[in-house]
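Shared between the two complexes below is subunit A, which has subunit B as its partner in the first and subunit C in the second.
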Partner chain A sequence: MTALARRRLADATKYVVAAAVATVAGALVIALMGGNVLSAYRSFLWSSLGTAGGFAQTLNKMCPLLLGGLAVGMARRAGYFNIGVDGQIYAGAIAATGAALALERATTPALAVLVVAVGVIGGGLFAAIPGALRAWWSVNEIFVTVMLNFVAAFLTEYLTTGPWNDVMAGEAITRLIPDAATLPMLSVRAGSHVGIFIALAMAGVVWLLIERTRWGFEVRALGDNARAARVAGIPTARITFAVLIASGALAGLAGAIEVTALHHRLILGLTPGYGVMAILIAVLGQSQPAGILVVSFAMAVLLVGSDSLQRSIGLPASAALVFQALIVLSVLFVDARRAVRPS
Partner chain B sequence: MSAPARLRMEAIDKRFGATIALDHAELELGAGELHALLGENGAGKTTLMNVLSGLYRADGGRVWIDGRPVDIHEPRDAIRHRIGMVHQHFELIGALSALENVIVGDEGGGLQLRRDRQARAVAELARRFGFELDLRARVASLSMADRQKVEIVKAIYRGVDVLILDEPTTVLTPGEADVLLGTLRTMAAQGLSVVFISHKIAEVLGHSDRVTVMRAGRTVATVRTSATGERELVEMMIGERLVRTAAPPPRAADDTALLRVEDVNVAGRGAAASVDGARFSVGRGEVVGLAGVDGNGQRELVEAIVGLRRTTAGRIEVGGRDVTSAAVGERLARGLTYIPEDRMGDGVMPSLSVAENLVVGLHRFVMHGGFAYRPAAIRARAVAPIADYKIPADAATPVGVLSGGNIQKVLVARALAIAGHGPTKLVVAHNPTRGLDVRTTEFVSGCLVGVTRAGGGVLLVSSDLDELMQLSHRLLVIFRGRIVADIRAGEFDAYRIGRLMTGGSI
Partner chain C sequence: MTLFVDPELLRLMLTMAAPLVLAGLGELIMERSGLLNVGVEGMMAVAAACAFLTMLKTGSLTVAAATAVVAGIALALLLALYAVALASSQLTVGLSIFVLGTGLASLLYRVVIGVTTVTPTTRTLPSLAIPGLAGLPFFGTVLFTQNALVYLALLLVPALAGFFVLTPLGLRLRAAGENPRALDTVGVDVRALRYGAAAAGGALIGLAGAYLPLAVTGAYSDGMIGGRGWLSLMVVIFGRWQPGWALVGAVLFAYTEALQFKLALVTKAIPPQVLLMLPYVVAIVVLVRLYRGAEPPRALGQPYRRESRV
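Coming up: the complex of A and B.
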């Protein structure tokens, strides 16, 4: 077995161990709360994977998680932390909603494509701010992206309660966008939309960009050693700017899909912390599209499944967060154990 | 040396994980002896001495002092047995004075009286061994040579009678090195046993009583210095004969300048410029050396030439074209390449593969079109350089797991490939052989000389004066950002150059 294959196997082991630890610890939590562990887990899996409606929900959840994970992962490959995925999701959603509401009278089905494209541009432009600051003024992107999350959230609050507010609803939501601006459903009965296919396609696109283009090679070189990349003639500032824009564009796409395929309007609370989960997903998926894909699916199952536990055995809503934390801690623990023992 | 040995190390073993650092290593030291410990990098010299000074714990073997077995488990034990070591990287506190650094750990109470007595004792010690040293000066303001004196005084102040120095001359100019070795001789004459680690055969032959040669963790032999010679020592060090590289005669009457640096200034941190009015050229077929004590503007000048640092005045031309404000990539396209001093920091991308590290920098000229990164093609490109440069790794191995010498081979291979691609073959090499073993050093030197044979030029910046004199056709000396001399081969004089490096004239 080659060294590479051994490492892959060790990685796989790590996740199996993490899943096992989380399962056992989860069982303990459920038992402590007086629930029946077996029936709880059955309900957990049944609700997220066993029924058409549940599976549709899982796929719908996976879409923003996968795109967000790709956004964080892409920035990571260049050595940067995009903590602003939530803000960029809102930026994309705002741009898409704005375009859709401005073209309320259009009837062409191409409108949806245009609206989503505007959302992508919105996310990208929003990330261009930290991108430019990082690339040419060496301003730490972590701070800028975190602060811009607040900007985007407050802007959303203003728009959903102010100029775009649906006065009939009495909530912080905007008017519905026109039908022509919405993305089609996969299955109307189950409630799944096409977003998952777009997200899966983007995973492929990101992989191709990073692993098969000269630009991607420069991104990886930059992420591995920025000084050496400069010495090797790589225009590091330009690459930095472009990578952060691309990262924001992926998040913006997620926001546009949430608007055009799921809610059909902009709502406050459009992202219940997808950006933070995206960081976990990217870390667990080792910033590789394939890894991010698997982890975002598992995370979607976890979110939908624990949502049902809330209903069936009265598990508090925060239980999903506890499970997430358990999984992450287990992976980190196994990693740390391996680091301690010299190979 | 028939008297019983002052100190004996017997069958010392030391492993780090799977690596065997010491394998039954031996050392014997007489009283009043100046003993050289010679070997390539990685031969185990420093490890053996770290065992003696208690920094590492041996996995096997014994240490005898005056015929009695002793246990040395930690530095405190070594100090108790009056053994002291001066490391390659000094362990001084810059903000304190020389005196405070000597007595640190032995300050006692805060009484001024005691301090005065300590000051007198230290001054007396320094005088006894012929150190000229301003004890009140802050260490941060001292030269490397003076800092080293502080370290030595610190060791003898603690009453050592076995003094170990790890590569003590690498930070010194030739003149300073002679002074130091003379001082060590004085110490030995007063009864101390002195060990100095070295990989420079000339200083070993010139100054020691006996030499112990190490190779691959083993002691090859201990010989009287007067009974051996350069060739024998080299063979013991590397286990085979070695052919030294030398600069070929410069090309006749070809004054085409590949690199022209005209009155270049580079801003420094303070008011003074770090490079001030540098003016020189590198011709076709020429190796131009740049000598200087580290920190005199070499790095800034080199980085300005390769495009990593902005100039504040002047003009840089490569192959007749002005590149003063061109990006690094444009300079690479002209064939101007760089072997950086800091291999890990400026050279390689450690988790990228050997193949990727060989192609980066060249990639803009070989990857064209849409999905231009083809892994199979990248790996195939690496096959020839891996064989030519004898890099013991697969193309897909992450470069970070290689040894320093093999990483340097990757960087040299890459630089020469880029140079070969541009219209001008010009290599700027900064300390290209620092820390490499004798064989890899010769290999890298051979590569640089090969560039000049192929009609290229080399700017060789090095802190190793021997290397500069061996390879250069012309030698520039830089002092405080100014180029103070331009000397032709044949007129090289180590002592004169050493004086120029430290600000002396002629």
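Coming up: the complex of A and C.
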């Protein structure tokens, strides 16, 4: 075997080990909850991949996961951890909802494009705070983005229960946005929306931007060795600021799509931790758009599959988060073993 | 003026500072030994769930706190295993443990309790008036009518400071975070020290997680840690890796939290969610000043490889 083939094989082994660990852990939890492991796994796969409706669900879930993963991955290429994707998703969703509700009378289909664009800007502006603090005050972006998650969640709670509240609903949700502001469905019967195509397109855009532009080269240089990049004359502060804004804009896009394509309104709990999962997705996908794409699909299957187990055997939604973390820890384990003892 | 220095407000401030002090000191011990643990938030969540569930089943505050401590130690040792034995990126592993803990806490609660309409609650740690001192004007209320864990947290601050500067083990622990090679050269086991620091730090972080259900709420809810784990990491930086200054940082953050409760009682004009944002916004403002001149332990976050060339 050539060295390359051996490395490919080792890479594959790593994911097989991770999947095995998650499968065994899943079986344990299912058995603990008193479920039949085999039939549970059958319904897990059937509900997420086997039916048109289930597959549509999977694609809908994949959209925010892919965009969130790209957001985290992009920042990581510059050497930063954006833990604030959840907050930026909310920021994008708030901005989009605000724009749609302000233009409630408009009937032009261009409204949807405008609303989504406002959402992108909202996410980008929200990430500009950690971006500027990191770029010019060397404040650690992890802390700022985490703190802003709480700020965004409380702001969403305020808006959904206060000024934008749908008085008839009696829940923390806003009024519906006008029809002209909504994105079309892919298949009305299955329930999938066009968001997945936007997300896939963004994966391509991010790849081009990072791998094929001068700006992307500077981002990678910064991430590989910040001091060398500075010495080489790369404007590191400006790149830092820009890359975190771009990262936030991707998350904002995810939030805007959730509003305009899925819920048609802002709801509290719009993101059930997509941003947290996005961290793991970016780590597993090694911050590469192609890797993130594959991993986010797998994670979407995991989410939709465990969702069906929640209905059938009462598996808590949080179980998916545990499985995801276990997968990452197993991959890190295999990775580290190889690094420590090179064959 | 009385609004801001009211004895009841300052009393609440110390009550809310205790988890930040405990978790902050736990993180501080780990960081001084060279281990960066960004999973505190998740560790505290698991500890909170374990403490509450044990309390519910056994009714013993001691057993509940002990369970949380064990959970904290276990997760911290998991981090140390990756950081020390496998030389993984401590940031990546820490974040994974944050996610794992967040999910695991919620999962444990759902598996044991199931879905209920009534949230189960337990009794909480009683306040313990110190005889003779509790009657003092002002200070009596603020300082000497707290629960036992507040006293423990406050006493741990000078104890840890003394441990670092007065004992040989404290010196070695600091050296593990500053210059592990020098330590290794004189025949001290760097790995063992870091595992030890992880266990001690994890125990305190576990206790901090247990504090919220056992001393404050008497109930568990997802997200109840509310960023306190992340704040405790800031407390360490705020304190320049010194226990005494870390206490100051914890008290500062706790003050904004207590003030927000107080303001919510006094004024109805500001929406409650805006007040709830206050501690997080203050934290960001503090952060801007925080990094100026901050010098972390030199080997923080770096695995020690004996065979590597300098």
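We adopt the following convention: the second predicted complex is superposed on the first by the 326 of 343 C-alpha atoms of A that agree within 3 Å, B and C clash if a C-alpha of one lies under 4 Å from a C-alpha of the other, contacts with A are read in each partner's own complex, and residues count from 1 in each chain.
The rule we apply is simple: a residue touches a chain if its C-beta (ideal position, glycine included) is under 8 Å from a C-beta of that chain, and two chains touch if they have at least 3 such contacts.
All values derive from a computational prediction rather than experimental measurement.
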Superposed partners subunit B and subunit C on subunit A - clash or fit: fit
Which of subunit B and subunit C A:M168 touches, first, second, both or neither: neither
Touching partner for A:I142 - first (subunit B), second (subunit C), both, neither: second
Superposed model, subunit A: greater residue contact from subunit B or subunit C: C
First, second, both or neither for A:V188, with subunit B first and subunit C second: neither
A:P235 touches, of subunit B and subunit C: first, second, both or neither? first
Which superposed partner A:A5 touches (first subunit B, second subunit C, both, neither): neither
Contacts of A:A110 with subunit B and subunit C, given as first, second, both or neither: neither
Three-chain overlay, closest Cα atoms of subunit B and subunit C, distance in Å: 7
Of subunit A, residues touching subunit B in the complex: 3-4, 208, 211-214, 216-218, 220-221, 224-225, 227-235, 342
Subunit B to subunit A touching residues, read off their complex: 17, 306, 308, 327-333, 338, 340, 345-352, 356, 360-361, 363-364, 367, 370-374, 396-397
In the complex, subunit A residues that touch subunit C: 29, 32-33, 81, 83, 129, 133, 137-140, 142-144, 146-148, 150-151, 154-155, 157-158, 161-162, 273, 276-277, 279-280, 283, 314, 316-322, 324-326, 328-329, 332-333, 335-337, 339-340
Of subunit C, residues touching subunit A in the complex: 38, 82, 86-88, 91-93, 95-100, 102-107, 110-111, 114-115, 222, 226-227, 230, 233-234, 271, 273-274, 276-277, 280-281, 283-284, 287-288, 290-291
